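Sharing a structure, written as structure tokens. Questions coming.
The first chain written gets the first letter, and so on, giving A, B, C and D; residue counts start at 1 in each chain.
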Amino acid sequence: MNQQRRALIKYSAVFGLMASAGLISVAQAEEWNKAAFEGKSLDDVFKSLGASSPDKSSAVTLNAPDIAENGAVVPVGISTTLKAEQMAILVEKNPSTLAAQFFLPAGTEPFVTTRIKMGQTSNVYALVKADGKWSMAVKEIKVTLGGCGG
Amino acid sequence: MAPVSALLKRCLMSSLLIAFGQSAFAQTAADDIAKYREMIADGNPSELYEMSGEELWKKPAGPKNATLEKCDLGLGPGVVDGAAAVLPKYFKDTNRVQDLESRLMTCMDKLQGIPSQGIIDAKFGAGPKKDMDAIVAYIVTHSKGKKINVSTAHPKEKEMYAMGKRAFFFQGGPFDFSCASCHGASGKRIRLQDLPNITTQEGAALGWGYWPAYRVSSGQFWTMQQRLNDCFRQQRFPFPIYGSDVTIALSMYMAKNANGGMIQTPGLKR
Amino acid sequence: MSDPMRVRATEKDGIVDVKILMKHDMESGQRKDASGKVIPAWFISALNVKAQGKDVFNAQFGPAVSKDPFLNFKYKGAKGDKLVVNWVDTKGDKRTDEATVS
Amino acid sequence: MKTLMMTSTKHLFLVFLGCGALAISANVSAQQKADPQFEKMMKNSFRAEGIAGLDRIDQDATQKFCSDPIFASSKAGAAKAIEIQKINMATIKQPTDGKYVGDWKSGEAIAQSGRGATWTDTATTPIGGGCYNCHEIDKKEISYGNIGPSLWNYGKNRGYSQEVMTYTWNRINNSKAYNACSNMPRFAHFKLLNEKQIQDLMALLLDPQSPVNQ
């Protein structure tokens, strides 16, 4: 616990340094959202993101397989017809719910793909913030056991 | 005659069970797995290994402070393009049939003065084997799209193939497994993973043509030596020595069976 | 010293498609080593991409992003754009690589 | 649906072909001879590591016979196969407490695990049955292999008679008693599973309450 706190202080220090060195933009350093990444439930993360209760929207597409052959690498993408300024990927049953979040300046397409780890079969949420309002898409991704298991 | 017909009857019965017992659900699952694989195909982390492998190939190293650029992988000194498509191969200077890793050990020894034993004894993914992984990634990337074209014209190559075939069917260990237990029939799976039938050209090309590969489950790039090592581990065999003849013989059996197929390395595997 | 990234960026019809592969273990803090001890979390936490000196993408990662992270995004840009990609991890290690849009 | 049917038909055809090869017995009269060069290669290519000693590549009669599939599927091989099956049948012991059926829940866990007996395991690592690697068992588990037949509704289809009990018990203990070159490990012969674990696996297949029989 103590160690974790120290590590967090260290992140902040590092971000401060990097920001002043111009390596990571100031906006980003300020926004690195500790509370959101430590959230243990959907509600925790929604709250930390200032999303309260996002509405499901057909304008948001979560691009992911129905079954992952391996939970260590699950491809997940978000695209939307909305003018997205921020996006986030949440995995309901992971130890930390928030997997990643993205900030899209004007001129960047509302599209992102990455790969995440999933400990077990779970609902995965794609959140999109556009014009200050959060919307989302949900999909269950099954994680299977594979190989000989030895 | 009776035992054979009994055997045949049982075989037919079980094939009916297998064929009709496969639910539509299993088929859907297989389709979904195919979709998953398609989605991760873009952005193979093997590229990260390949990048550092190219550097290592061109960087002076070892007691002789030499690069590997004069290494003869079978197509002449320094020829990297397509080299992995003709291995394993007989080499006159060592009087041995060698696969990619054992040949690279020869080059490191002769050109750079790096003794092979240290590489053989190192843990996978660590020390000199880490460098070896990267160099292998670099070499095999430069055979991508080439046709597998392995020769058994030399008597030693022919002999290696025959030994590899025998090793493929060799059962042992507390599970009674041979390579053929899993890779000797078509249309088989372990869990949801398709098992290539290495005794056929098509299956051998699926196996040989896609390894070395980045393995998603371990998050590591695996050379064929490591792939075979883990096969033997799962077979509950003792530990195959890195670059030993049984590993080269099995590679020869797979590669020769795969002739005409396409090299798709580095692959991306579960 | 961290290993270099692989950055690919290609332009088509005014849209630049950027694909980034990073070499990082992305330890989640959930895994145990052979002796049963928890391997502490250690992962890339932030990534910034600039094109021609201007922010085009920012990402924040948690421990659930896969080992050797992959990222794909698109922005309005042109061939020849100079990209600078930065990441920093939870131990303060960082890496900068550059690429030119083709 | 159409592709599914086509796949099934193709699959069936392939398996029939395989059976044909078994029926048209190859013209072979003797098992492959020991080859000193091959043996030397095997001996020099492996080393002991952890619990996986070099004795693991010393073959018994069953393993030797099944390492030569051409002979094993020949006419002359058929007689030898009966002999091998007899040897294996003789190793099977019926349950000491007379109980064939244990706890299906623990049986399911054993069926799921494919661990144990490798050089990265220790002598105390529990060995799994690895059953789902090759068999469909409880339909809820979608990740299953097909090297062996489906075991879904095993008891429901066959009934729960003593005959079925004994046959299934024997088959899990030593599958080679029925099919000399079955792909299934000899779980009791090599002490991979103990009597209780086999009783629990039996329950998974033959307890009317088991999800397999719903």
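To be clear about the criterion, a residue touches a chain if its C-beta (ideal position, glycine included) is under 8 Å from a C-beta of that chain, and two chains touch if they have at least 3 such contacts.
Everything numeric here is computed off the predicted structure, so don't read it as measured data.
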item	value
Chain labels contacting subunit A and also subunit B	C, D
Chain pair, A-C or B-D, that carries the greater number of C-beta contacts	B-D
Centre distance in Å when subunit A and subunit C are each reduced to the mean of their C-alpha atoms	14
Rounded Å distance, subunit B centre to subunit D centre (Cα mean)	26
Gap in Å, rounded to a whole number, between the CA centres of subunit D and subunit A	45
Between subunit B and subunit C, centroid-to-centroid distance (C-alpha), Å	31
For subunit D, residues that touch 2 or more chains besides their own	117-118, 132-133, 142-143
For subunit B, residues that touch 2 or more chains besides their own	29, 190-192, 219, 233-234
Junction residues of subunit C - those touching two or more other chains	66-67, 70, 72
Pairwise chain contacts under the document criterion	A-B, A-C, A-D, B-C, B-D
Complex contact set, residues of subunit A against subunit C	3, 7, 10-11, 14-15, 18, 23-25, 27-29, 31-33, 37, 72-74, 77, 91, 94-96, 98-105, 107-109, 111-119
For the subunit A and subunit B complex, residues of the former touching the latter	63-70, 72-73, 75, 115, 144-150
Subunit C to subunit B touching residues, read off their complex	3-6, 19, 21, 23, 25, 66-68, 70, 72
For the subunit D and subunit A complex, residues of the former touching the latter	112-118, 121, 128, 130, 132-133, 142-143
Contact set on subunit B toward subunit A in their complex	29, 32-33, 35-37, 39-40, 190-193, 216-217, 219, 233-234, 270
